[in-house]
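Sharing a structure below in structure tokens format, with a few things to ask.
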Amino acid sequence: MTTNIRICGAAGQGVQSFGDLLARTFASMGLHVFATQSYLSRIRGGINSYDVRIGSEELFSSARKTDLLVALNRESMEQEKANLALNGVMILNTAESGGNYLALQMDKLAQAAGGTARMANSAGAGAVVSVLGYDLDALHKCLTEEFSKKGRDIVEQNLDAASRGYRAVAGHEGLVRAPKPAGAPSTLYDGSTAIAIGAATAGVKIVFSYPMTPSSGVLTALAGLSHKYGMVVEQAEDEIAAPNLLCGAAFAGVPAMTTTSGGGFALMAEGLSLAGMLELPIVIFLSMRPGPATGMPTRTAQGDLAFAAHAGHGEFPKIILAPGDLRQAFDLTRHAFELAHKFQTPVILVADQFLTDLQKNIPALPDAPDYINLHLAKKSAPGKAYERYLVTDNGVSPRAVPGGDSYVVSASDMHAEGGHLSEDFNVQIALQDKRMRKITGILNEFIKPEIYPEPAGEILLCWGSTYGPCRAAVNLLRARGRDVCMVHFPMVWPLDGAALAPLFEGRRVIAVEGNGTGQFALLLRQAGALREFSLLPRYDGLPFTAEFIETEVLS
Amino acid sequence: MTTNIRICGAAGQGVQSFGDLLARTFASMGLHVFATQSYLSRIRGGINSYDVRIGSEELFSSARKTDLLVALNRESMEQEKANLALNGVMILNTAESGGNYLALQMDKLAQAAGGTARMANSAGAGAVVSVLGYDLDALHKCLTEEFSKKGRDIVEQNLDAASRGYRAVAGHEGLVRAPKPAGAPSTLYDGSTAIAIGAATAGVKIVFSYPMTPSSGVLTALAGLSHKYGMVVEQAEDEIAAPNLLCGAAFAGVPAMTTTSGGGFALMAEGLSLAGMLELPIVIFLSMRPGPATGMPTRTAQGDLAFAAHAGHGEFPKIILAPGDLRQAFDLTRHAFELAHKFQTPVILVADQFLTDLQKNIPALPDAPDYINLHLAKKSAPGKAYERYLVTDNGVSPRAVPGGDSYVVSASDMHAEGGHLSEDFNVQIALQDKRMRKITGILNEFIKPEIYPEPAGEILLCWGSTYGPCRAAVNLLRARGRDVCMVHFPMVWPLDGAALAPLFEGRRVIAVEGNGTGQFALLLRQAGALREFSLLPRYDGLPFTAEFIETEVLS
Amino acid sequence: MSGANENSAIETAWCPGCGNFHILEALEHALDTLGTDRRRLVLVSGIGQAAKLPHYAKANVFNGLHGRALPAATGIKMANKKLLVLITSGDGDMYGEGGNHLVHAMRRNIGVKAFVHNNQVYGLTKGQASPTSEPGFVTKVQVDGVLSAPFNPLALAVTLGVSFVARSSAVIPDHLQTMMQEAIRAKGFALLDILQPCVTFNKVNTYKWYRDRVKELPKNHDPRDRDQALAAAMTWGDEIPVGVIYRGARPAFEDAHPILSGAPLVNAFTQTPP
Amino acid sequence: MSGANENSAIETAWCPGCGNFHILEALEHALDTLGTDRRRLVLVSGIGQAAKLPHYAKANVFNGLHGRALPAATGIKMANKKLLVLITSGDGDMYGEGGNHLVHAMRRNIGVKAFVHNNQVYGLTKGQASPTSEPGFVTKVQVDGVLSAPFNPLALAVTLGVSFVARSSAVIPDHLQTMMQEAIRAKGFALLDILQPCVTFNKVNTYKWYRDRVKELPKNHDPRDRDQALAAAMTWGDEIPVGVIYRGARPAFEDAHPILSGAPLVNAFTQTPP
């Protein structure tokens, strides 16, 4: 069973910290948590919301309807009440009782506890756990942990505020049916943190980014980890600088990454091509939001894939990974660095607002440094001059870094094996072929798509962050007797059409994509893997949910 | 019949002005001229060459072999003699006679004529016309025209130098067989000039570019025309500025364009997306050279098409035109502005080093201003507020410009019909759908590919500048009895797969492309127009020739 | 007013107490005082909190990409020099992402007015350092505080001989209005750096901090004297001079340019746009 | 010297008589005089005629994109601060396309040495104006002559408190060599603007033009005095001062940064790279 709790209110009212607190509390109780955010591109006002969905089994999608709505102001309640589930309950932050809601004066309760209005969240959370029929222990423990650094007094005031909130809804305990704790992991992550830990443990030492929603979460998380892992996290002057700086760092032997969103990524296209030409391992994290141009800065989309796959002038190998859940976000971030270094070429790690803001409790991520193999060249053969771009069978040349025995020479102009400029036509062919041969090696390491639960006549084709909602939708559809499965790609570029074609042969394919054209399906068609497909798009800025997919498939 | 004359020498030796002079001379004689350049990315030294091919019928390709080689230094002769045709003749700029070449001391001859070493070209040209069996009249006329502004003396000296060159090879008149004048047009253009005239006559008033080979020819030509047409030609601080400035100019009602090559284009991707979002008519001229990164700055390629088609984050309509010859370069440049204004969206005009440097004599291009329709809105209906982004059936909204009755509001963030910011999900869907509906209108105006000479079992599929070489190759192959035709696309994006599929059904398709992956064929496959194709690629930086294609097809 | 778009109807999305409100008000007063024909006014911005301002004023609006207000404004001015082209954008926008455009727009001295809301922080993206943040300023990204020296846009403008260079602040709205009027009246490029409290993310450079420091330039300050101007531009500390720092002698780009100095380019197509 | 790449074997692609030859020679002398370990030297450049220099010297080479030498050099220095990271690139590269990086690299004061071959023209692309071209300079693109004011990188550097700011010229090779040595010895960012004749495309700023004008700063010029430095940086005309214009007091980024001030980052992976 699952229950959906939605906190809503104006930007600046603390919707996010309220939601955070609940998510942590529930996770610590052993409930499965799936928490998502919806916010506007403004610092104050408007209507933001935070969904904390809890369940007795692992959750993969948020819910359309709300079982318990907590509105921090009346305006947001008016907007959100249309989404209340049958038997849903509303709590409104107000003094005026007498509507079809429970009135709760959160800041008053906080003040009564001797604290400031800022502790209103604690009071609200107390009310929430009561209405869900839980006791106060887990909430109290979470508050104690959160505020212990601020001193005994603050802790006590928060605990008291929570208790007062709990008591304020006395008589309504258990009004909303809620799942029983189910031994879920207590470690709660959001997508940004999972990616940041992945990068830090993989050995990234230089992070160079210009802030851009929804990628800044990863940047901020990395900054927070910079001392722990010995990373330099520096703000870039612009996105154009970023891939160039990364190339410099990689040239000198240090794994480096940047974080951005669509507009910033667009400014990196030339630098991406540079990394392809200099054969340098750089990692660009691209967190998508709806475009074109500035678009919807705080919303989600999968609209930049076709661009990313073809970004950069000229032809060069490039890898795109798109994690589907939090563990994969961690794993594929590490893998991005591994592949970049193994094949000496740029890797784009693609996620979106939905995945980076998504919170889930999963088994603890290993956070000890476990550096990837940089695949640096051993000493060059005695007497033989070192050539940075030696033509090899697999296209990968021995990579040395400056400071050692050999001069390392890299040029963005066409160059010969030694790295120096060349305008010889045969050299051009040889070096271009060498670079492109890496694609064969990369395709050999293609990450097989996940088929869930088993091959079926109908396929929900998806990639990246839609993993969860599609997987959950498949369950809903199969429960209705539909012969459907999910095929999810965590690696989306390059594609081997011939190898992938059998997956789809004789099956009906529905491409579930957060864009309006079916970009991934089109890439598959371009590769020769797929011919016909129907499209189940979403491009209003909101994430897919299982129910949304179910409805669309059935309609 | 055709004859190929190649001038070669070091950069700085005047290869280009020598070749220019010959091309003009031959054109003025009524010979068909096809002249191409091959040069290095340096200002002095190295080996550059200039091919002037002449014929009694219109020419579409350069030749592999040289009938008459004029070497300005020995080094270049040594390199080029391998390309001499059977019965080919070499002229070397030297005092030392006694090899298998005609020795000609060009600068000495020029000095003897009382001129400077700079007039060596005139002496050399005199020798060339003699060896080809022509008389001096046309050359003398060209020299008179060229130097008349510099005064009588200079003219006389040049004429004298030409005569001395002519006499210096006495006894070898007509040594190389050459075509008879055939009434070809006397007006000689290069691709850059054709494009510049197209833009200027279409009404472009603002040109804003950062110099980049091989696009600078168009920029320079436009600068030269700026007073004639009243255009502001301003050098940009960088390529990032360019599309943004163009958007500003278009917003205010003035057609504007920028010129660039791959790396610079990469820096424009974000601005391209802006034009898509603000629905502004801007034109980007992209002249391709081999990438990735700096690549081969002075060479040719067709390697940026896939990038251009998908460039820019998010989804928005975009048009790509790729002229195949000089007249089409003029026409499609004008058409680029027409389409941009009709559909209020960015247009990319794609050419490459081969086409922009290509010289041919064609009927005079109409150079009187003949402005395209800006499709500006008439006065808005009385009482009704003007909305810049009014949702319409065809996706095109009435465009007003600031300074009139109505405020014009444009925002790169998601906006409502009035142009102001909106974060409403339904507005997002409505406006995104509106923008994308323009694609239907654009596809209705798709320029049909040219089938030459008639449909056949085998297709040489090509786009853009390969028109000429492919067309000529088809003639060569058909002469050998091969059932082959050319299908050439001058408009390459967007593509209507269903409409185009019948073109290819049941036919063997060979994609002739100046890249290593068959980018246009892959776009066709992505669109669903094409399934199987074989690739005839070239990516060494040199242009296709008919013979190259013939050999590859037959092999 | 047929077909007009009453922008001022749009709800502002700024935090209560934000310095931007004073800037908007000063701008409206300045425009009213000057009797500016709003139909000929284009407000241009990039992306940020400041950059939302054009939506709240009565004007034509070009709200472009982050960092790219200047090239857009340059294009508008080139296309139709009869328009009053005025940028209202943030310090990150104009001095960070847009830094190169600033240098080169000032080199051109094109007749665009740039009003920079300098809150010394990135507001919209939630509080990272901007190019003018104080050294030591701690944020979630600059966890050890800002190490870089603050960018000095005014000094740069003086070295480039820009037509009009001034500083004011949202905390002195009357002064600000006067500076805006002067900037609009000046020919050529105008850079007006406006110190602006961000009540949410900048807890260092507060209303009080600015009020305690801003000080009008002495009466005898000669804005035609480059050395005096440079000295004023470089003063930042317990006292921060406000006022007209410099008036350069260079002609505006649109007056010096052989083609632009003729009729507005847009006239080639339409004498009276709808 | 196993596995070494004898760069100096590469044929130069410059025009005979080009000022770049003198810069290359001065650089080689400076490095030899300082006894620089060439294995620890990285020459970084963008694209242009100047930017080809790294290929002709004995060094590690990072020849990146046009305009992007600075971020690349910054990345190299951050990754391995033990390397001597030296940029040799053109005025278009560093002041035009790369203008924003220059501003912000100087704000950081990262220990990178930037030697700018300032020929006041775009050489490689055949003679368009550069950001430092003289007003009135006529080219095939600037058919009516340059209208914009020249960019003054030295003045900007002074306003940002950069560690080392100097000017020299290819026409005074000994002086140039000394300046290079000083720049390399200085901590933090070093900007050395090198006036360079381009014999092919710049017929205004010739050898003679520079020789007639360059003049060593007076003995009593105090490079620690910001006002003197600014005055020297702003002098351009019949006399153009050369020498060490300014020495800022700010620490180098790599010394001030809490993480970078530790062991070189690259040490986390390899103590002795191959």
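As written, the chain order gives the labels A, B, C and D, with residue 1 at the start of each chain.
The criterion applied here is as follows: a residue touches a chain if its C-beta (ideal position, glycine included) is under 8 Å from a C-beta of that chain, and two chains touch if they have at least 3 such contacts.
Only a predicted model underlies this, so the values are computations on that prediction, with no experimental measurement involved.
Of all the other chains, whose mean CA position lies farthest from chain C?
Checked the centroid distances; the maximum from chain C is B.
Over half of the contact pairs shared by residue number: find the pair among A-C, B-C or A-D that meets that against B-D.
Repeat interface, by the over-half criterion: A-C.
When the centre of a chain is set as the mean of its C-alpha atoms, what distance in Å lies between chain B and chain C?
Taking the average C-alpha coordinate of chain B and of chain C, the gap between them is 42 Å.
List the centre-to-centre spacing of chain C and chain D in whole Å, with centres computed as mean CA coordinates.
32
Please work out the Cα centroid separation of chain A and chain B, and write it as a whole number of Å.
The mean C-alpha positions of chain A and chain B differ by 44 Å.
Which whole number of Å gives the spacing of the CA centres of chain A and chain C?
Distance between chain centres, rounded to whole Å: 36 Å.
Chain A: which residues touch two or more other chains?
Correct list: 40-41, 46, 226-227, 237-238, 240, 263, 270, 274, 278, 293-294, 297, 411-413.
Of all the residues in chain C, which ones touch at least 2 other chains?
Each of 13, 47, 65, 96, 99-100, 103-104, 131, 257-258 in chain C touches at least two other chains.
Which residues of chain C touch chain B once you look at their complex with the stated criterion?
1-7, 10, 13, 38-40, 42, 44, 47, 52, 55, 58-65, 68, 70-80, 82-83, 100-101, 103-104, 257-260, 262, 265-266, 268-270, 272-274
So in the complex, which bits of chain C are touching chain D?
Against chain D, the touching part of chain C is residues 96, 99-100, 103-104, 106-109, 131, 144, 147-152, 155-156, 159-161, 226-227, 230-231, 234, 250, 253, 256-258.
For the complex, give me every residue of chain D touching chain B.
Answer in residue numbers: 11, 13-16, 47, 49, 65-67, 96-97, 99, 122-126, 128-129, 131, 140-143, 200-201.
Which residues of chain B touch chain C in the complex?
So the residues of chain B in touch with chain C come to 203, 205-206, 208, 226-227, 230-232, 234, 236-238, 240-242, 244-254, 256, 270-271, 274, 278, 371, 374, 376-387, 400-413, 418-421.
State the interface residues of chain B toward chain A in the complex, per the touch definition above.
Residues 40-41, 46, 240, 262-263, 265-267, 269-270, 272-274, 276-278, 290-297, 301, 303-304, 306-307, 309-316, 411-414, 423, 425-426, 428-429, 432-433, 436, 515-517, 522-523, 525-526, 528, 531, 539-542 of chain B touch chain A in their complex.
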